[in-house]
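We call the chains A, B, C and D, going by the order they appear; numbering starts again at 1 in every chain.
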Amino acid sequence: MPPAHPFRHRLRVYWEDTDAGGVVFYANYLKFFERARTEWLRAFGIGQQALRDATGAIFVVTETQLRYRSPARLDDVIDVSVDVRETGRASMRIAQAAWRDELLLAEGEIRIGCVDASTFRPVRFPDPILQHLR
Amino acid sequence: MPPAHPFRHRLRVYWEDTDAGGVVFYANYLKFFERARTEWLRAFGIGQQALRDATGAIFVVTETQLRYRSPARLDDVIDVSVDVRETGRASMRIAQAAWRDELLLAEGEIRIGCVDASTFRPVRFPDPILQHLR
Amino acid sequence: MPPAHPFRHRLRVYWEDTDAGGVVFYANYLKFFERARTEWLRAFGIGQQALRDATGAIFVVTETQLRYRSPARLDDVIDVSVDVRETGRASMRIAQAAWRDELLLAEGEIRIGCVDASTFRPVRFPDPILQHLR
Amino acid sequence: MPPAHPFRHRLRVYWEDTDAGGVVFYANYLKFFERARTEWLRAFGIGQQALRDATGAIFVVTETQLRYRSPARLDDVIDVSVDVRETGRASMRIAQAAWRDELLLAEGEIRIGCVDASTFRPVRFPDPILQHLR
């Protein structure tokens, strides 16, 4: 995995992640990418449940774009990178990739917004997020 | 599938349901069983979201017991039965089984309770449920 | 749902599909889209397990692009459309969308390829697929 | 978590694990339990993909029994224990539990067998497994 990536999260492939093709089910890369974003937020002190309790806001994914490059299998160790590309007050764009050692498995971009948890209306990111992103 | 079963729900196996063994991932039978219970409730007019909106109560699974008999594969059509075995004011026990034609795939029992959605404290079943079960 | 769509598959939202935001977990739209593609293939007589047994080939998703428009909830009925946009001998591009009545929930494009199931090397689509697509 | 447990695996609850009740979806404890069994096997040098490549055998779950005690939420850290209770040449019974600190979330027993991956016929456990279990 290229060393330039600012954040990475490591995970293992379990039976639950695979499908009858014998490889990781493609939809599960969205889960892997999200786990990495969660740990990236935690790395600068932000827990999403705590954020919701404090502000009533939750993150939502508004757009995803993925390209699948190589299959991964049971027991593989996968590194997932998180790389913020663009941030506004109510939306951010994050480039992510999954690697097994030097082999690129999947890559893509995820657009994240923020909504009020009870109404699902868009709101701007809570201050701790904005402060960190700037 | 034995004709005596009072309710059955039919579903198909998709890629998402399988694992690298080439068969349905065992944990997914809990999902299949729940889909059948949901449709069984709907068959006598009860939607769980509507019930929650009206009463604040949601069903919770408190116990599950499953035995896996034969593997199912991609594209299989599965019939899932729902058979209430025991009902109280705050708990019910339901026998369920999954069949592909005459072949038993999995069978077990699910215990269901009811909780207040905001506190997760046990409550008795809402009246429409109790009325139907008796 | 606009009437022009050539194929649609109807499904219901169960507990398994939701997340703690109270809505359908965004990654699950990829599952919904795939169920619809599976049923679309079946509608012209192609079962993927049978195809694999006969030809050794399986479909793989090589690219996904989704935009999330409105949240869906437990018990919602969702219609998913399948609309082929581009087909080659080894790749096709399919536009898909999920609707609850007239409300667009999610839309996107899925690129599909074909590989040999044992080597995962790209192969051209089996003849029955090519014949149908032309 | 009681210190007597011979093996434990720690994991975090992500969005993918939750449902619209705001808690971990009960079927996912089967996934958590399996991740812990996988890591327990790895702790004594056994990788399941390597085992399959070498022997043609895969583990299968033949029976599961779970009781749900307390709900877990997004961001919770969960410890899952693995405790072998009974072992034969072709079947083993494992007690497992999930804890958040001292709070028991779920507990149960999983029965595991072994099958030939191509025929799904029961076989006895491969020697490395039998040697370790004795």
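Here is the rule we use: a contact is a pair of C-beta atoms (placed from the backbone, for glycine too) under 8 Å apart; a residue touches a chain by one contact, two chains touch by 3 or more.
The structure displayed is predicted, hence computed values, not measured ones.
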Per Cα centroids, the chain farthest from chain C: D
Pair exhibiting more inter-chain C-beta contacts, C-D or B-D: B-D
Whole-Å separation of chain centres (CA-atom averages), chain C against chain D: 32
Distance between chain centroids, defined by C-alpha means - chain B, chain C (Å): 26
Whole-Å separation of chain centres (CA-atom averages), chain B against chain D: 23
For chain B, residues that touch 2 or more chains besides their own: 15-16, 21-23, 27, 31, 34, 73-74
Residues of chain A touching chain D in the complex: 12, 14-16, 31, 34-35, 38-39, 47-50, 73-75
Chain D residues within the chain C interface of the complex: 15-16, 18-23, 25, 27, 73-74
For the chain D and chain B complex, residues of the former touching the latter: 21-23, 26-28, 30-31, 34, 58, 60-68, 71, 117, 120
